[in-house]
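So, here come the structures, one by one.
One chain, subunit A, links the two complexes that follow: it is found with subunit B in the first and with subunit C in the second.
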Partner chain A sequence: MAARKLAPLGPNGGAEDSLAKTNAFFRKKTLVLFAMVVAFFVINGVSGAFVEFDFVSAAVDVPAGIVWMLSEFAPSASSLEYLDSIMPALGSTILASVASSCIAAVFSFILAVLGSRSVGIGGPMALIVRAIASIFRNIPVVAWALVLLFSFKQSEFTGFLALFLTSFGYLTRCFLETIDEMSTGPIEALRATGATYFQIVVQAVIPMSVTSVISWVLYMIETNIRDATLVGILTGTGIGFVFDVYYKSFRYDVAGLTLVTIVIVVIACETLSNYIRRRIM
Partner chain B sequence: MTDKGNLLEVRGLTKCYKGDVKALDNVSIDVRRGEFVTIIGASGAGKSTLLRCINRLIEPTTGTVAFDGREMTTLGKHDLRLARQRISMIFQHYNLVYRMTAIENVLHGRLGYKSTLAGALGLYSEDEKALAFKVLDQVGLSDFAYTRTDQLSGGQKQRVGIARALVQEPLLMLCDEPIASLDPKSSRTVMERLRWVADELNIACLVNLHQVDFALEFSDRIIGLAKGKKVFEGTPDEVNEEVVHEVYGDIDIEGLPGDRMVPTIVQADVAGGTAGASSTGVA
Partner chain C sequence: MSEAGNSPARRTRSGKLRVHVMHKADAALWVVVGALVAVTVFAMVIMDYGKVNFFDACVAALGDFWEMMSTPGLAGHFTAEDVIVGLFESLALAALTTFIGAVIAFVFGLFAAVNLSNKAASNVIKILMSIFRAVPTILWVLVFSVAIGLGPEAAVAGLLFHSIAYLVKAYSEAFEEIDPGTLEALRASGARWWQIVFQAVIPAKTNELLSWTFIRFEINFVNAVAVGAVAGAGGIGYQLFLAGSFYLNLHEVGLIVYLCLAVAVVLEIIATQLRKRFIVQQ
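On to the complex of A and B.
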């Protein structure tokens, strides 16, 4: 295994030749880049003209738009009085998000264990579980809310159910991946001791997957608080409804305050879940 | 304890995977109580399949396995669970639940004895806990009872694996490459523990090994497998160059028989994993 003597990488004596080659190479690069920039502006101009989008006037309008938005939506001193009506709605939205994520997690985990390729019950179950997860996950939460409105009317429960169903699909998918990535060794070892299926799930599968399950549930709660605002507008509940009401009654300052509270909650939730994740990992 | 009859009688064991591939081809072996038997063979020779057919982690295609006077291959789900109580197993990769402490992992060995619910909830009796601490002490890890197993070294992990096997109060221990992932010093500790298990506790050990030198040193009897067939059976004294050639195929072996210095060349096979019998000509 002695180090082999390396052969020279190229034919010697071609220094001038290779210099010319290098120059040609970089000239070509510059030309290609230039052509790409020109093409970008041409395509942009043509398609912009087609939809009557004028980049220049848009660029001029944007600062004015932002100024208008800031001045109208900035929470005013008088809007603070409305905090009393915002906070309960915010609270119910947070609780609905937490509840929908946690309850979905329970069902998802059971389904994911049964349907996983490594510890599942086998047969067609793996396919069935994946199909269920895929259906619930790929219907957007807004579509669920609109569909469920017919059956359950404008209520907290409709919003909860819409969040629950999407969370359920999403978490099932995540848990399936988590469980299938797990090492199957301990499961085999417990099987060899004579442990039953349920014992194996509780004593090995859950301990091995619990941290990433918690991590996914925290992520789901964050997502659901964001989505709950949109769902609330549709189902007439929670913080989304509050925002909608003030927005439509031209109290933009109060609507703005509502937005600020939502942003604060989402950031707080993200910080908290990052902290928890660091602690458990 | 004085009964030196056959604890395990395997007859004509064959395992076919899809199609005609025979992982095991008509293998018959006997193991007496408290006997230390080593199975040597290249990767893919069927060693792991053989062990797993005994406790039916893998279902054999044909053949019979009589363990402690009971036929294993025809047992129903419930009876299989009872039979597995007395057959324990340790693994190359230890197969511990790393998020749990050593003592919790050891107690997993009792699951086969417990009702589903009590086992799942980890409701072990005082006697079982006392036994768990005793076996943990026997493998020299009593100080690490409450240490999470991912904090332990490889050798310590394997000793937790042995403790989990011992807490089953087994008659037979199946050891699947117990030292293949360990350094030489830890390997020796683990092998000495296993030999002690056979001698002092009268628990038969059936051990898959890659390291011929360890097999020669520790075994009562050695069985050679090649391509699913038993090609050798005898005492360590009977292992010679010819035997090793038959088991491992064409590799250079120096110092055999005589001084028993089998080069570690066969260990290179460990890295080959499941590459199959063809990977033996590593030298």
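On to the complex of A and C.
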């Protein structure tokens, strides 16, 4: 009776019609949800079978593994004397991360301005810049590290270059989006007053985008400090190398101490950049 | 300069109107820029450049890069089948990590969203996630490969941590955007917490949650390749590592790079489209 009273159409046809529609709606929704759950299990099952992933043993082993990790990788008293070898590596890793982000930011910004749809130089440049950004971003960092290792050998500079190249691709993409999202009013106004391209960039593009550029650079520094461990293991530099040495020589307590210092640095860096973002916005 | 005190406009020392007024935020910005430049210069000055000649090394690196990209091919260490299987192994590792991570992150995400949970639970989860994120993925995998033994379980377990942390952030922010009116209406009608979740939260955010999950799948593929290389977790990343470090064969590295690039670019394009269509920018 209640449904009939609420129905706006006809004495009985409208109510039955809307009820049927509601039912069809819920049936469709249930079917979609069901299909998603099935797809979820099928993809998981196929992937799991393909790499011989054992769900049961993973569910048992992982919690046990975490407990084992917490006991074995806990820094011991004797590991503290290795801080002397950890700290310089940590410092050089932080410096390399900052330098690679900042220098990459300069090159990326120039490229992003030239390739942007709103203030770019037009023509095929937009496509070329996007292609460059995509290639640099998507070539695995492992490949960069290996190729650079051939010619630059094992030095801090190799690690720096590998971080630089991936940062370059990533930041170009981010800056392109930032510049394209800017309002075009000030740029058009400047163009109407006869400003040169250089003046438009300096007076409109840079002031309008500088806060988000800095915000992206800070994010890149955080990411690079984390990635520096991977690059460090591959190129034998920085904190990644230190971790790798102790890890491979079964000094898990010292490796754990290295891990703790990395965690502290990453969290400190995150906190600092959040603070900076609040101040400059 | 007596009139300067009366009028709101600021003037320079010579009496001209000031066009640029330094705000606090601008000052902070310049301090940050100055600090970044200073650290960069310092880093470049004290950096260890090794014993190689910079220009020779650059030329050699560019030559290697060109050789790698222009003449990809197999050199007998792997068959085409090996490489394709390796590629699918990396994709499978990424898929497993994404799906398992999505389920765990969904639960955590519900408790991390302040409108569905309480402040204390939300903060505890957020702190836990920032610890998950602070340890680099590769170190999680290395630690797990000794803790539970080398294999796909260790790779997935190690990759899971960042995947969960990322998705919890994305999911909980999506949940927090839900219209409070809807939640209030359901609460007023006596709906239980899980009824609210299944009747309001999931239906409203399905597309967004799925988009974020796919975006994470893209990142997980990249990570799975990297992890395969360093932790020996298998997949195309391990073959890339072998080709580069043991066989020192740039042609094979080139072929594997092209395969990774192709997959990553396709995933990136799909992810960008999903982000544009389903994720609302705040």
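Rule of thumb we're sticking to: the second predicted complex is superposed on the first by the 218 of 281 C-alpha atoms of A that agree within 3 Å, B and C clash if a C-alpha of one lies under 4 Å from a C-alpha of the other, contacts with A are read in each partner's own complex, and residues count from 1 in each chain.
FYI, a residue touches a chain if its C-beta (ideal position, glycine included) is under 8 Å from a C-beta of that chain, and two chains touch if they have at least 3 such contacts.
Quick caveat: nothing in here was measured; it's all calculated off a predicted structure.
For subunit A, the partner that touches more of its residues is C, with subunit B and subunit C as the two candidates. Applying the stated contact rule after C-alpha superposition, one finds that A:F152 touches subunit C and leaves subunit B untouched.
Shared-chain residue A:G185: touches subunit B; no touch with subunit C.
In the superposition on chain A, A:T193 makes contact with subunit B only, while subunit C stays out of contact range.
In the superposition on chain A, A:P140 makes contact with subunit C only, not with subunit B. Once chain A of one complex is fitted onto chain A of the other, the partner contacts of A:L257 are absent, as it touches neither subunit B nor subunit C. In the overlay built on the shared chain, the residue A:Q203 is in contact with subunit B alone; subunit C does not reach it. Within the superposed three-chain model, A:C174 lies out of touch with both subunit B and subunit C [touch as defined at top].
Applying the stated contact rule after C-alpha superposition, one finds that A:I233 touches subunit C and leaves subunit B untouched. Annotation: subunit A residues 210-211 touch subunit B in one complex and subunit C in the other.
Listed in rising order, the residues of subunit C touching subunit A in the complex are 24-25, 28-29, 32-33, 36-37, 39-40, 42-44, 46-52, 57-58, 60-61, 64-65, 68, 88-89, 91-93, 95-96, 99-100, 130-131, 133-139, 142-144, 146-149, 151-154, 156-157, 203, 222, 225-226, 229-230, 234-235, 237, 240-241, 244-245, 248, 250, 253, 256-257, 260-261, 264-265, 268.
On subunit B, the positions that touch subunit A within their shared complex are 55, 57, 80-85, 87-89, 91, 93-100, 108-114, 116-117, 119-122, 161, 164, 168, 174. Contacts from subunit A toward subunit C in the complex involve residues 29, 40, 43-44, 46-48, 50-54, 57-58, 61-62, 64-66, 68-69, 72-73, 92, 95-96, 98-99, 102-103, 134-135, 137-143, 146-148, 150-158, 160, 210-211, 214, 217, 226-227, 229-230, 233-234, 240, 243, 247, 252, 259, 262-263, 266-267, 270, 276, 279-281. The residues of subunit A lying in touch with subunit B in their complex are 183, 185-186, 188-196, 198-199, 201-204, 207-208, 210-211.
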